[in-house]
Amino acid sequence: MADCYVINRELIAMVSIIMGLLYLVLGPLFGGLVTGLDRRISARMQGRFGPPILQPFYDVLKLFEKEQIVVRRSQNVYVYFYLLFIVFTGVLFFMGEDLLLVIFSLTLAAIFFVLAGYKGGSPFSIIGAERELLQMMAYEPMVLMMAVGMYMATKSFYVGDIVTSPAMPIMLLPGIFIGLTYVLTIKLRKSPFDLSTSHHGHQELVKGITTEYSGPALALIEIAHFYEVPFLVGFVFLFFGSHWLLGLLVCAAVYFLEILIDNTFARTKWQFMVAASWVVAAIFGFGNIIILSLLG
Amino acid sequence: MTLAFLIMIQNLVLFLIGFPALAALILAGVPNNNFRNRLVWVFGLIILVVSVVLVVGFGSISSEMLSFHSKALEKVMFYGEWVMSLLILVLSIKHKKLAPLFLVVIQTSLLTWFELGYGHQLEAANNLFVDKLSLVMALIIGVIGSLICIYAVGYMKEFHEKQHPEIKDRRALFFFILFFFLSAMFGIVFSNNLMWLFFFWEVTTLSSFLLIGYKQNEESINNAFRAVFMNLFGGVFFAMAIIYLFLTTNTIELNQMLGLGGLVMLPVVFLSIAGMTKAAQMPFSSWLLGAMVAPTPVSALLHSSTMVKAGVYLLIRVAPLLGGTLAGLLVACVGGVTFIITSFIAISQSDAKKVLAYSTIANLGLIVMCSGIGTPAAIWAAILLVIFHAIAKGLLFLSVGVVEHKLHSRDIESMDNLIIKMPRLAWMLLVGMAGMFLAPFGMLISKWAVLKALVDANPGLTVVLIYGSAATLFFWVKWMGKILAVVQPEKTDETGISRSEWTALYALVTATIAVCLTFPLISRLMIEPFVFGSSTATTILTRGNSLIMIIMMGFVILFRFSLPKKDEGERIVETYLSGLNVDQRNAYSAPLGATKSFISKNYYLSKYFGEKNLSSIGVATSWLIVMLLIGSSLPWLV
Amino acid sequence: MSNRTIIPFGPQHPVLPEPIHLDLVMEDELVVEAIPRIGWVHRGLEKLVEKKDFLEMTYVAERICGICSFIHGLTYCHGIEQIMNIEVPIRAHFLRTLWSELSRIHSHLLWLGLVADAFGFESLFMHSWRIREKVLDIIEATTGGRVIFGSAKVGGTRRDIDNEMLKRIIAQVTEIEKEMKEISQTFLNDYSVQQRLKGVGILSKADANMLGAVGPMLRASGINQDMRKLNYAAYGHIDWEPVMAQDGDCFARVEVRVGELFQATDMIRQVIEKMPEGPVDVKVTGSPNGEFFARTEQPRGEVIYYLKGNGSKNLERMRVRTPTFANIPAITKILPGIQLADVPMMLLTIDPCISCTER
Amino acid sequence: MTYLAKSPWIIHYDATSCNGCDIEVLACLTPMYDVERFGIINTGNPKHADIFLITGSVNEQNVKVVENIYNQMPNPKVVVAIGICATSGGIFRECYNVLGGVDKVIPVDVYVPGCAVRPEAIIDGVVKAIGVLEEKHTQMKKGAAKS
Amino acid sequence: MVLKSLFSKPATYMYPLLTREPMVGSRGSIVNHVDQCSYCTLCQKKCPTDAIVVDREKKTWAIDSMRCITCNACVDVCPKSCLEMLTTYSSSKTAAELSR
Amino acid sequence: MIEEQKLIEIIPSELVAKVRDMFVEQYRLVQIGCTKLPDRIEINYSFDKNYQFINYRLILANDKVEVPSVSSVYWNALFYENEIHDLFGLNIVGIVLDFKGTFYETKEKYAFATCPPPIEPVIKTTPVVNIKEKGKPQ
């Protein structure tokens, strides 16, 4: 009996390390592909042909071929650490670690990104940074509520436990699911909430936070965005516990929905974004939590 | 435990209470500034060392009662109480402040009546005691307190000689109060006799009052009276608690009271209210903001790191009794309201000290909330918060103090380019801020613990933490950004900062980082045994998670050292200014033929998070809750 | 310390297709002051009259702006014709009206796209421009150029359109109209669009008049004024009423322009139906002597050409006051008090055309 | 082959263009011509751009702006003058405030004629520019290898 | 509308993979059928951008395609009708090609 | 169908009063434009109300004459007046927002004030590279 337990633990450790490694390697590939597909689908929605699916990779490789220009010599370090912590977050997630820790690490990464914006020291990057902060303020509550909800539904904060739990958290957390989908739009930098930096040029902040980052440094930012996609989608996946197939299907559906939203909404202003996300979090997220806690 | 051992502890404890008082008297008597300053160094270091020795040497004890008795001391306290009341009375009359006058009269008459009527029965079996919580508190007071005193040497020199020549130099008084205050703080955490505890409590009130009024201009005097008024309000509740306790249960000892459990709800509630006033919780929070007029070491020592912690200390003490009761829930609500409202307000503030003050109140609110919840996990989280907050906030206040002296402004917006102008200080501020909310640092760990505690105990309350943290994130990061953003390179100038200031700052930076690295150890040795009764290392933050946190910490430290020192072949270009750049990096050619610099200010969102609206909402709701709280305890009267 | 951010907005800025600068003074994101600076497109082409004769100047006039090119040429020619008392063949008048309205559609679609982009609705931008390409195809087929028509001429038009082509245009316009209905649905009824447009940048009726606003900007504030009512070209021969809106906000401006899209298609149909046969130009002899203020309605509003000849081949003075110039005072007045996020959109709601403005 | 060819990002600036060429540049981005097929993105930010599309001749006030944008672009970079105004000053070259073609101010690598330019011509021009870009990239690499 | 576009064929015209037939009458570029030219220099005089250089003596006619604004003025004025406006636009050149 | 265009000549001292009358009658200021003639300078102030076009023509003997600004009546006049100042070098006093000659930063100052000799036509286009790239690593 005891032996069995030990083996099991080792097995779990093994699996989680393998998952972590897989993420390290496949994460950006997956992220890049999804981004490429996203761009293609968006183009089609706009009546265009669109770029090749591999375009995001070309972009990144291209950026590495460019000269490095900076405004301050120390500015790129923030980008390195942004990437580092994004990867770290992802690894934690895929190793099945504590969901709260994942969120904190993600926040830390995002903060490095924001600081990178400030460090850029141009009016647009600083405003971009402020806006990114507003965005963080908008989505943070809902993301934390997701973790709380997961815990209430599965009695564990561990991603590993959640994805192996036979119960489907979504059955208990429909509100939180809706709320999370809502804020995912912010996290994926999609219209209507692409306030701080948008994927497209043409907006009041030029390129927002990334205005002063170019060449290889910009490539790293792009890679960090690639790395971000798998675990953001992974959040959705969590709602389906061990029902993997269903989870994957819903992930795809949610992502498609995000693209659709991207293409059917005007960009909102930050006031609306913060208010709306908070209200959504309060109604769907918090409401869900209260109901759960009342049900016991 | 052997008797010798106990005696040693008792001696150390008495030393910690007595020595600062003695030192205070000596310092008051030294007229020469230089000599006094040197003495402050010596005394400060002694206190620091002794407190460390006490904790390191006797950290393993669980809880020891010390039956120290001294008739003389009690006399001193009795008369001391009178003297203090008289002092406040006289000053109130002098400055025509009726409200404090009124309260002090009530309080003194209550106590005089009580002591005269029952004085002979007011015997405590154990006047003092030591347990892990006291030790933790003592360590904070000893280390941070003495560091701040040392810092004050340089700061006050600069303060009087350069910055404010118009203010009368009363440094002898200043250090007298500072050390006397330390003595009182030690007294609070080691007292078991509630009368003693109350005495020390009142000493801190008085010290705070005198120090806030230190500048003796109209604003500081008004604020000082506001502070004393609110603290006296708490004091009255404290006194009533003692009296009621004694009259109904015939005891004035803390440990006995705690042992009585749910039978003593009324004194517990009243003590909580006293604690909340001292901890500047919402309806009473305005005094702490006013207290920011005092010189910065005062703000650091009294109004963020230690004195206000006396309030939450009391709450943590009674927390097990609050846990699970309606009163507890209400206390938690007060903390919650305070946390969320003040976090929001902090967004709209640009005065550095005010931001720090609001964040202090917010964090105290969190601690109060945990105490109200009262489950072991919550108490554990509360103590973590006390420790981490004391260190990081101390560091922040001290750095802001220095920056203020150098920049002649403490407005956050004036801290542009700080990373270039004063790199070392800027990094200290950054460490302090990171310590307040960032992932691998202490406060975040604590908040994490709070969240987990809340989910288990009362998921509804998590909402406060969740929204409040979002706000916290916003105002800290934008400040960090301000410091880091280099808009216009300037010369580095960090001269003229005294050794005493640097010493304190470096020590606190080290402490901030060290505490984070060693927190699993601290938790296991000091806090968990106190809270859970045994060392259950894996209860809340499992070892794996601690490990990950430490890895992250490593990354963050690595960050500081990965900043490039020299040219690595990048081409340096001007900032993007819509193509309008002229020569210098931040100048552009503007309309009307002008050449201008762009200006980037942070967002304050004052329309949404303005001080006025939010605080009136906060005060109204929290009054309501406090009224309910008092109401909820009234059934015990009959 | 006041917490005012100052940023240079433009001249090179991705939301601005053309260079213009605004010195934005903001509190958080609230604009408290906006000082404009222009001059990046100032060429000084009015002075070319000294070097080019009055017939050649038509080419210059057409190239004042690539968006409202045709009406520039038309107005210039109209002015010269008035001075020289030239009777333009009636078919030419109808052709001019046809092209004017085509260019209005293309300009408005272009603008709708840009404004959609400014409030962050990329796919709407794309679709507006997709439809616009079909208009350009008609234009190219009839004039030979996609944006610079090159068909204006003193005394008539440079090209004729054969009747078969005219029929085809009707069919194409009907198709375009269908697609325009779809995007106008989104512009007028989409919740997120309304959220951004309604109540933003309100220009009151009185202000609009006294600040000299023109065109859709003025009509959106409830003032009925459209220079086509002066009945130049063939506007006197067709039935139409100016499109109006009352609210004076960004949404009203969108409403007016969307309305004008359909008004234009309707006019095109009428023009083609009523198009008389006949020559399209007359021979011009002599040189202008006299002066005239030629006023016509551009997509952006009233344009004024002040032409003064002294009997020689070269004009003495040509002065162009374009609608955007007239609308700039209004926009400077309404910029303070809005959010940074609305600045690009607000700027665009006057449909600024800097090359027109600065000449 | 370098990846520069697969993802040339552009920045567009209008220096006294009459908008004719301007809107044709924009039209290239829209569904009909959709240059994103070639990975072309209009960045609007010199620091991200590889190709500088400039329409219109340069006037007095513009000189500094055009130089600024050019200097803020990372190497390798290519300048494409679009439209007759940009290639030679066009019909406005005699105006008192016009300096002439863009090459009076910054080195131009590709000239695209047309008044207004056709979108197809712009695409051709950009394709040529990509060639120049790759050339410059090899030179840059050689230079780096030497030093 | 968005969804409709997603499932219908994109409006993109795949230039340069496909080339559209230029429209009849589209103004592209000027050619001179030199054999008919009388070198009368009328076109040079009329050209608003001085894109055409005609040398009566040497009997040369040259056009700078980087100057021609395709206004058609020369075509209109040519007495010999030897100028023709082609529907194909003139091609872009790199700096190297131009200086050659 | 030549539309009726009223033309009224005025002198500088009448200007502001006349313009104020128009303002009171709620005429729209259509434009202000300047013309330099060999012997005099004309400034046209055009107004419109319900398609009624009225033009006041201010006649100046030379460019030294002070012209009072009407921007305190019609705020939008300031744009026209600054333009006239920058292009014709006229002395317009009391503009509410005076750009002081920075409205258009032209290569030639007051380009419209005189008639410069025509520029010699240049025939061959040769790309001139006259700018060194700044900030490149040496």
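Just a few scattered comments:
Note that the chains are named A, B, C, D, E and F in the order they appear, and that numbering of residues resets to 1 at the start of each chain.
Heads up, the rule we're going with is that contacts are C-beta pairs under 8 Å (C-beta built on N, C-alpha and C of every residue); 3 or more make two chains touch, one makes a residue touch a chain.
Computed from a prediction, not measured in an experiment: that's the story for all the values here.
Between subunit B and subunit D, the least number of touch steps comes to 1.
Ranked by the number of C-beta pairs in contact, the top chain pair here is A-B.
In this assembly, the chain whose C-alpha centre lies farthest from subunit A is F.
Each chain gets a centre from the mean of its Cα atoms; for subunit A and subunit E, those two points are 52 Å apart. Look at where the CA atoms of subunit B average out and do the same for subunit E: the two points lie 80 Å apart.
Computed from the mean C-alpha positions, the centre of subunit B lies at a distance of 67 Å from the centre of subunit F. Per-chain Cα centroids separate subunit C from subunit F by 22 Å. Residue positions of subunit D touching 2 or more other chains: 13, 30-32, 34, 37, 42-47, 59, 61, 65, 68-69, 71-72, 74-75, 87-88, 90-91, 93-94, 96-97, 101, 103, 107-108, 111, 115, 118.
In subunit A, the residues that reach two or more other chains under the touch definition are 43, 45-50, 67-69, 123-124, 127, 200-202, 206, 211-212, 263-264, 271.
The residues of subunit B that reach two or more other chains are 569, 571-574, 576-580, 591-592, 598, 600, 602-603, listed in rising order. On the side of subunit B, the complex with subunit F involves touching residues 569, 571-573, 591-593.
Those residues of subunit E lying in contact with subunit D across their complex are 10-16, 19-20, 48-49, 64-71, 89-95, 98. On the side of subunit C, the complex with subunit E involves touching residues 52, 56, 59-60, 63, 123, 127, 130, 133, 137, 140-145, 148, 150, 158-159, 182-183, 185-186. Within the complex, the subunit C residues that touch subunit F are 37-39, 42, 44, 46-47, 50-51, 82, 209-212, 225, 227, 229-231, 236, 292-293, 295, 302, 304, 306, 308, 316-317, 319, 321, 325-326, 328-330, 333, 358. If you check the complex, the residues on subunit A that touch subunit B are 67-74, 76-77, 80-81, 84-85, 88, 92, 97-98, 100-101, 104-105, 107-108, 111, 114-115, 117-127, 129-130, 133-134, 136-138, 140-141, 144-145, 148, 151-152, 157, 206, 211-212, 271, 278, 281-282, 286, 289-290, 292-293.
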